[in-house]
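Below is one structure. I have some questions about it.
Chain nomenclature is as follows: A, B, C, D, E, F, G and H, assigned in order of appearance, with residue numbering initiated at 1 for each chain independently.
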Amino acid sequence: MPRIGIILGSDSDLPVLEKGFKLVEQLGLEFELRILSAHRTHEAVTEFINSFDEKGIDVVIAGAGKAAHLPGVIAAQTVKPVIGLPIRASLDGVDALYSIVQMPGGIPVATVGINASDNAVLLAAQMLALKYPEVTANLEAHRVEMRDVVLEKDRKIQEKYNK
Amino acid sequence: MPRIGIILGSDSDLPVLEKGFKLVEQLGLEFELRILSAHRTHEAVTEFINSFDEKGIDVVIAGAGKAAHLPGVIAAQTVKPVIGLPIRASLDGVDALYSIVQMPGGIPVATVGINASDNAVLLAAQMLALKYPEVTANLEAHRVEMRDVVLEKDRKIQEKYNK
Amino acid sequence: MPRIGIILGSDSDLPVLEKGFKLVEQLGLEFELRILSAHRTHEAVTEFINSFDEKGIDVVIAGAGKAAHLPGVIAAQTVKPVIGLPIRASLDGVDALYSIVQMPGGIPVATVGINASDNAVLLAAQMLALKYPEVTANLEAHRVEMRDVVLEKDRKIQEKYNK
Amino acid sequence: MPRIGIILGSDSDLPVLEKGFKLVEQLGLEFELRILSAHRTHEAVTEFINSFDEKGIDVVIAGAGKAAHLPGVIAAQTVKPVIGLPIRASLDGVDALYSIVQMPGGIPVATVGINASDNAVLLAAQMLALKYPEVTANLEAHRVEMRDVVLEKDRKIQEKYNK
Amino acid sequence: MPRIGIILGSDSDLPVLEKGFKLVEQLGLEFELRILSAHRTHEAVTEFINSFDEKGIDVVIAGAGKAAHLPGVIAAQTVKPVIGLPIRASLDGVDALYSIVQMPGGIPVATVGINASDNAVLLAAQMLALKYPEVTANLEAHRVEMRDVVLEKDRKIQEKYNK
Amino acid sequence: MPRIGIILGSDSDLPVLEKGFKLVEQLGLEFELRILSAHRTHEAVTEFINSFDEKGIDVVIAGAGKAAHLPGVIAAQTVKPVIGLPIRASLDGVDALYSIVQMPGGIPVATVGINASDNAVLLAAQMLALKYPEVTANLEAHRVEMRDVVLEKDRKIQEKYNK
Amino acid sequence: MPRIGIILGSDSDLPVLEKGFKLVEQLGLEFELRILSAHRTHEAVTEFINSFDEKGIDVVIAGAGKAAHLPGVIAAQTVKPVIGLPIRASLDGVDALYSIVQMPGGIPVATVGINASDNAVLLAAQMLALKYPEVTANLEAHRVEMRDVVLEKDRKIQEKYNK
Amino acid sequence: MPRIGIILGSDSDLPVLEKGFKLVEQLGLEFELRILSAHRTHEAVTEFINSFDEKGIDVVIAGAGKAAHLPGVIAAQTVKPVIGLPIRASLDGVDALYSIVQMPGGIPVATVGINASDNAVLLAAQMLALKYPEVTANLEAHRVEMRDVVLEKDRKIQEKYNK
């Protein structure tokens, strides 16, 4: 099964991942979750990165707040795509966003919106679908599902408001 | 050959792509470049998206400034990964960054730094390497090259400044 | 009756419209409300736009949060005036404001303040009054009413505070 | 002929209007231009507003920089639609944008992007087209023209870059 | 008695004035409070300004939120000093601050901090003390009082924390 | 003659004062200019403050950039009104603006716009006019002059643009 | 024992220091805490600074909010290192951050993150360790402890989430 | 001789260090300069950190722009004080400032102002003076020198402007 590595800088950020977790199974993926700090446990971060091939991890999601170095520090040690998830912990999440997206030339981090764990997982799935074509169908089904949810809400609103 | 679709909102943004173009060949990739506006030519955008499979385009880079809707509008019409490149045209590029990265749940855009076309291409290559393993070697060679450039600069600086 | 099309990107934004809804009737207007996402239901958005003439919709209000593409995506498909309503969903609404107001040259969106659904409806009425002169009287009556509310508050405050 | 009133807070802002002036004629409109300050010449502003009906001015564009009160001060004295054009004079134009778009409830200003005089004129034309249907054709022709300019650029780029 | 005119754009902002009201009496001043909107009741604003001399009002405090035009609109109609009090109603008060402090050349507004009604009143007193020297003593007594409050807190903290 | 004390944090900021200097004489004022740093020469700052009464200085203008403490440091040592002039030296002047306007409760600084030395001098004159009524006439004459400059520009623009 | 001077601008900021207080003892340090305002009690601030040598205070932590001048005002009067702690009291703490970190050339303040009293104390300890080598061991022990806390959380998360 | 390690993320940032280099000698310090990237050459960074003791480096200055991880990455690997120098490379330096100062709890970075290499070196000297008391005299001499420069400028300005 296609596998995502998910690393959070702090377990206090776990609630932010809720929306993302729900999507993983639906998209036919597996994940391995780790709580590791770029600064407090840098050796463990490196160890985990070195195990990616053996564990079949093809894509990484790294979430952190404030001066969020974790995604960039991981991206510097692998050429697998790293998805950066800025977490709102201060300054409305702008500090985390800048610390993740404004990476220097050479070491990209694929950044998603502040606290947007659902989009982080969907982006991971879109990347994995390049290698595992069966994921594509799940992504397309999810799109249809989202569309139908909106259209159903729209239908109800029309009934209520439009004569 | 692995192929990236690159769409710019305006040909005035071409100079921003310079750094990216240089990397494409070095990484063993091909690209197809289009100048298309999400608002002025939305039909042509949709047409191009519909040709991705036929043309072998697996990953898209979309660059735009100001209220930069182009990457999101493309992402809404494909489940292939879309890399958003915010271009500095006003407000130091912050308007483009927010318009690209803060996508609503369900339609992710993989955002890189403001004007960072080099990182956009590297990220595209990292994604393509999932499907085309031969790209991985090119990415790793590029990392070594970057490292050696820094170390050479460091050597010269040490000679000059440190006794 | 003069008719406004109102499109919200998400039904969770309905409470923001409260202030606006109250004004519609008072100004002698009608509205048709839709919940449609620029990204998840782009075909339905286009369909709705194509029905404007038939439905007698002359002006559109589109409200969205975060990377708020909805107003711009609609504006690209019609030359009827589109009023953009930035909704506070993150970053204090600044991301929505920038994504709406900073439209590229050629496709304007008439932007009102963050969460200011009352001003969106008033602006729609001001536009419609160009075609339906009877709306002008309602707008002027509303101005008088607003003035009198302030003057009454001022009278009470003066009684309480000024000897 | 449909007529726009254009008021600038300072004649030093005239170059910002260039792009807008070019569009007025093409869209089949006329304009009356005034240099008036909300603060230094408030009586003259009021006088001009009082002459709108007599002069056949249906829509107003007001441009100002810094603490840009002009559009709001005009909007408070008429129920004709007022388009606010924030001009970059300090703080990258953010002060002007906030001073124009964040109007209190009751007095809307239709705000366009920073320095976007082309969009201000297009928006004025879109409003006027509600009353003068012949403007609609000009607006649609302008859209086609813009589209063709982009497609022509795209054709040239494809010739140069794509084999 | 030296007299301040205080004008608020909305009675919902009255709680912000609490800290200021407390100081007025202590400093030996009087005030006249009005609730008047720069946009909804501009004639009443002008009327009040025209009564300053008759009422013995030498200094004005004007507080408003969002696109806070009130202080500037008043300042344009009098050469008495106008103190602008930005009120936090949106965007953390930054929109109000910019709309008040960034006045164009020629019409200054003496701006104090966001929601800082105490400093607005103190500043008014400092200005009035130029004309009414007896206010100076009250201001100096207030400084001593503030100093003693801090020193007393410091004394208690030292007892508790420092051995 | 009414007298303003002007203190700049650095002589590199002198060009910013140009617009202000021009107004001083026209308004019938005198000034004493000092270059003093809140941090490097705090004793000299205190000495100057202590000489205000003897020198007949009733109002102070203090201009500084970056973490602009000078106006607040002066305001803490006198109850005469201190006008803070934020100077653009970094961060577009926002750091200086915040450091000056967001003073803690008890010690107000009358803040004007970024680099707005003309408004600083006008505000000083407005304050001095409370004590020296003859300044009022100069202020009113200046208003008339400003108005006439705008009206003359308006007349020329009308000749050129309006038929 | 190595000794830190801690000065807060207001006792309402004491809760922010909690995290810092806990570390002081663990790191083998002592502190002297004062509540002193740069503006209201500047003489007492100077007195405290003058007592540093006698009291064995080698490093200072100064915390303040809004236009936070306290750290800079202290730094101007001593060449001992001053650590500036920006406290979130308004504008998300950005005003305090800018007022502390953007010091003019010549008078540095060692700034830590907004409300980051733990990092302020750790930084003080790192400085003191230069003089008191025994502190180094405590700092290294604290690093190990932090690492082990993260690794323990990681172990639990792995048990729960990873099969 | 007391010794500072200086690490820059890129040799293009060398001009920013000019002001700092000038101070090093004057303060009686030595430095070792390295060009090393946190991401491209992380092993070399670690190697340099491991040599601090042997080389007698007691304090580190690390300067970087954009998502400036270098100071934090170094701070995570040593308990010697790390001074972070945010370099203006994009977004006016705010991205670098946030990426450096907003470090997570446990790993402080002593941040100075944007591009303020002079303050970085002075802060380093202030820290080193705790261990090498002879540096204190140099720091105090530098303060006197700075004061005298300002007073001399003030003298000249007074001659020119004040009668």
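Here, contacts are C-beta pairs under 8 Å (C-beta built on N, C-alpha and C of every residue); 3 or more make two chains touch, one makes a residue touch a chain.
This one's a predicted model, so the numbers in the text were calculated from it and none came from an experiment.
Remark: among chain pairs A-H and A-G, A-H carries the greater number of C-beta contacts.
Centre-to-centre spacing of subunit A and subunit D amounts to 42 Å, using the average Cα coordinate of each chain. Averaged Cα coordinates give subunit C a centre that lies 49 Å from the centre of subunit G.
Each chain gets one centre point, the mean of its Cα atoms, and the points for subunit C and subunit H are 52 Å apart. Touching two or more other chains at once are residues 37, 40, 66-67, 90-92, 94, 101-103, 106-107, 113-114, 143, 146 of subunit A. The list of touching chain pairs reads A-B, A-C, A-G, A-H, B-C, B-D, B-H, C-D, C-E, D-E, D-F, E-F, E-G, F-G, F-H, G-H.
Contact residues on subunit A toward subunit B in their complex (touch as defined above): 19, 58-59, 79-81, 83, 97, 101-103, 105-114, 116, 118-120, 122-123, 126-131, 136, 139-140, 142-143, 146. The touching residues of subunit D, counted against subunit F in their complex, run 11, 31-37, 40-41, 44, 66-67, 90-92.
If you check the complex, the residues on subunit D that touch subunit B are 92-94, 113-115, 143, 146-147, 150-151, 153-154, 157-158, 161-162.
Residues 9-10, 37-40, 42, 64-67, 69, 72-73, 75-77, 90-91, 94-95, 98-104, 106-107 of subunit H are the ones touching subunit A in the complex.
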